[in-house]
Amino acid sequence: MKVICPGSFDPVTNGHLDVFKRAAQIADEVTVAVLVNRTKSGLFSVDERMEILREVTSSLPNVRVDSFHGLLVDYCREHEIQAIVKGLRAISDFDYELQMAQMNYRLADVETLFVSTNPQFSFLSSSLIKEISRYGGDVEGLVPQAVLERLPAKFSDTM
Amino acid sequence: MKVICPGSFDPVTNGHLDVFKRAAQIADEVTVAVLVNRTKSGLFSVDERMEILREVTSSLPNVRVDSFHGLLVDYCREHEIQAIVKGLRAISDFDYELQMAQMNYRLADVETLFVSTNPQFSFLSSSLIKEISRYGGDVEGLVPQAVLERLPAKFSDTM
Amino acid sequence: MKVICPGSFDPVTNGHLDVFKRAAQIADEVTVAVLVNRTKSGLFSVDERMEILREVTSSLPNVRVDSFHGLLVDYCREHEIQAIVKGLRAISDFDYELQMAQMNYRLADVETLFVSTNPQFSFLSSSLIKEISRYGGDVEGLVPQAVLERLPAKFSDTM
Amino acid sequence: MKVICPGSFDPVTNGHLDVFKRAAQIADEVTVAVLVNRTKSGLFSVDERMEILREVTSSLPNVRVDSFHGLLVDYCREHEIQAIVKGLRAISDFDYELQMAQMNYRLADVETLFVSTNPQFSFLSSSLIKEISRYGGDVEGLVPQAVLERLPAKFSDTM
Amino acid sequence: MKVICPGSFDPVTNGHLDVFKRAAQIADEVTVAVLVNRTKSGLFSVDERMEILREVTSSLPNVRVDSFHGLLVDYCREHEIQAIVKGLRAISDFDYELQMAQMNYRLADVETLFVSTNPQFSFLSSSLIKEISRYGGDVEGLVPQAVLERLPAKFSDTM
Amino acid sequence: MKVICPGSFDPVTNGHLDVFKRAAQIADEVTVAVLVNRTKSGLFSVDERMEILREVTSSLPNVRVDSFHGLLVDYCREHEIQAIVKGLRAISDFDYELQMAQMNYRLADVETLFVSTNPQFSFLSSSLIKEISRYGGDVEGLVPQAVLERLPAKFSDTM
């Protein structure tokens, strides 16, 4: 089975990494794909996010990193990917994700497999990481080392 | 009983249409009303949305189409409408809608009647329709024919 | 429109009464119907519950009280009732009620109209009333006078 | 990947069948396993349930039917099953299932993959099927033919 | 125990005031703190909000009003505040607030105490108050007198 | 402030213990109280549960252990306890607990303070512990040592 883990990953957190590892254990090939949003610039550029993702997944041999623009199901069809793997953290994820899952199945028979993330990362999100880092809060243990090293430079001139 | 189905309807989906039909079966007169938001322009203009709504409700004799600006309860009072009819798709609708329902009852004794939409439309939303259409995805069966015909022209120059 | 408010009403609370009043305002005829459960005896007998319901709805001329056994949709078909009216208090009501609503629509085209109950009764339930009364707690203001008078006798010999 | 779809299946519904088919598409081998509860007798015996499950999954070559007693993770370990596949219908499923998923991962590294069921079966449950059938309601289209044929005999002497 | 009630309070509602009173009953000292958002100007300036907060909490001797910018946990550490007190109105509050609570505990051992607000204010929010006031709707009973007096001037030139 | 942590604690888990510790940090005196249910016998007797609770809270000097029967608010009034402290694990806790909190406040002005439990215990419950232990599953790290030692004897003759 070929699966995809799509997301903005701006930046990737240890919660995302937990989902990649779970996906790598159940699938033959995992694509971690950065969704490119042309109308919104992130904290990290798409190239930086892919570079970081390659670093943090380097120990997972069946994971490749890519980016995509447009409909996720089109990317899946093109690359013969059968399923999307998403982490479910909380109830508020559930509704939107279920909606997207049913739409993606209808559009292109692409299945969505939800995995429960490790509860110790259940309160994590990329935007929370950015908010804490902006004010000098400590996010060690919440993001991979590759993100931890790059965060200070991002906020050096914003305060 | 006179009821109202308010919304942006940008564009109307088969899920909305299902709610209109349910409202038309329980009420004597149904007003489908486009909420005009002066600070945000939609994909379809208010006039286009009303034109489409008239087309898709033409077979429901007790349904009329209108638009309004300001407080919904003021419109209800003016037109002697006793109740608002809303479709409940998912849990995330629930909280906000319950809040609005209690406020509208307090402000003007206008009741809100929630109907469960047909489960096959539970994953539908206007914004999802727009996102899929923008990238050329197929939304046949999810929106009325009147919307399906007008969607391609809306995105011809945006890609 | 003819509607039904089904329930165990063992005993009826001020939250139920709020739903009956809302139903009486939007419908031509309201049936308040006690669901008879032959395998479980309640605190109040079905006859007592109907007697209390008749008392507390006596000021609502378009409300009648009845009891039923079996499928609710069969009762609706027989009495030409088009819709079920239910109060939504909380999220935990939502899921089960939505499930029942979709099933009843599928079985017999009977619509379910959910109304938001008055928030001051949102924490009320018949079982909570019984639990508090059992230990001598004060439920004045939470149940109609007709229930308040009958509760002490029910618990006189159980402590 | 070897996966398991555990449940009571008393009786199996079209919603369960939808989950089996989704599991059969993503996994190499699927075990549909009836959880044996020694303290509660069901409407159908465990043998009947397994017989029905074999009938309704006969067209899915990589599905086998079994029963188990005790901890699900022990069964998984013994049969080298890596993941549990469950359908998520509604928010009330979510909490309990997430709890079980995290416990099963902790106990034995067994992953749980949640799939979104077809929305047209979102309101289905075995207990609802039994309740409707008990009173002669029509459940055609909601359960497989193999269940439909066996239901009348189950209720012939209970009314 | 020293606690903090943080928020935008643009403007403060009777729901917020209910939380302040509950906090003042359980804690020795309560700080009501306006979160300063430099990228978004509110309807009321931060100074106006603090002035209003001082007025409406003047009868609560152990409540002081302040404002802060940056991380809430830094403010707590600096002022030796042990816990954050938040009102829980609805399920949609729950997820985000739980996430923040777990993060704040991790960052600085600051506890979050959730109190259930008075159900009669469960449907209230600052943004709803602003929306209703903008169109001349009546919010008496929903906000303190100090807000009620200042609202008309805010919207005199926007319609 | 005097607070109470009520529950069945049959048996106490590390999630409960986390709540006791949080309560002990914010309150002057904490009563951990076993709710006695005369119609249902537990796995552990009330005396055993109290003995275990005393053992596991022995390092928290401001915690005392007791049991009660009847209404929680009556116990609070009698012992001048101002607030109940409860852990919120998941959304399904939320609704029932909010209902109880509003009722207890109405009955006796007793406040309820909800704390977010440590996410690593979010999937824990006494009944899950009993189910796993019954079949020989390993619950080390999920319950205190005092429970771990006593569990095997409880199930020695039930399999």
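The first chain written gets the first letter, and so on, giving A, B, C, D, E and F; residue counts start at 1 in each chain.
Keep this in mind: a contact is a pair of C-beta atoms (placed from the backbone, for glycine too) under 8 Å apart; a residue touches a chain by one contact, two chains touch by 3 or more.
Worth saying up front: this structure is predicted, and the values here are computed from it rather than measured.
Trainee: Given the pairs C-E, B-C or B-E, which one repeats the contacts seen at C-F for over half of the pairs?
Mentor: B-E
Trainee: Taking all residue numbers at the subunit C/subunit E interface, are over half used by both copies (same) or under half (different)?
Mentor: Same residues, largely: of all residue numbers at this interface, over half are found in both copies.
Trainee: Please work out which of A-D and B-D is bridged by more C-beta pairs in contact, and write that pair.
Mentor: Higher contact count goes to A-D.
Trainee: Go ahead and note the Å separation of the Cα centroids belonging to subunit E and subunit F.
Mentor: Here subunit E and subunit F have centroids separated by 31 Å.
Trainee: At which residue positions does subunit C touch at least two other chains?
Mentor: 91-92, 94-95, 98, 101-102, 119, 122-123
Trainee: If you go through all the chains, which pairs of them touch?
Mentor: A-B, A-D, A-E, A-F, B-C, B-D, B-E, C-D, C-E, C-F, D-F, E-F
Trainee: Which subunit A residues qualify as touching subunit E in the complex?
Mentor: Its residues touching subunit E are 90-92, 122-125, 128, 132, 135-138.
Trainee: Which residues of subunit B touch subunit E once you look at their complex with the stated criterion?
Mentor: Checking each residue of subunit B against subunit E gives 70-71, 73-74, 91-92, 94-96, 98-103, 106-107.
Trainee: If you look only at subunit E, which of its residues touch subunit C in the complex?
Mentor: 91, 119-123
Trainee: Applying the document's contact rule, which stretches of subunit D touch subunit A when the two form their complex?
Mentor: Residue positions touching the partner: 1, 22, 25-27, 82-83, 88, 91, 94-95, 98, 101-102, 105, 111-116, 118-119.
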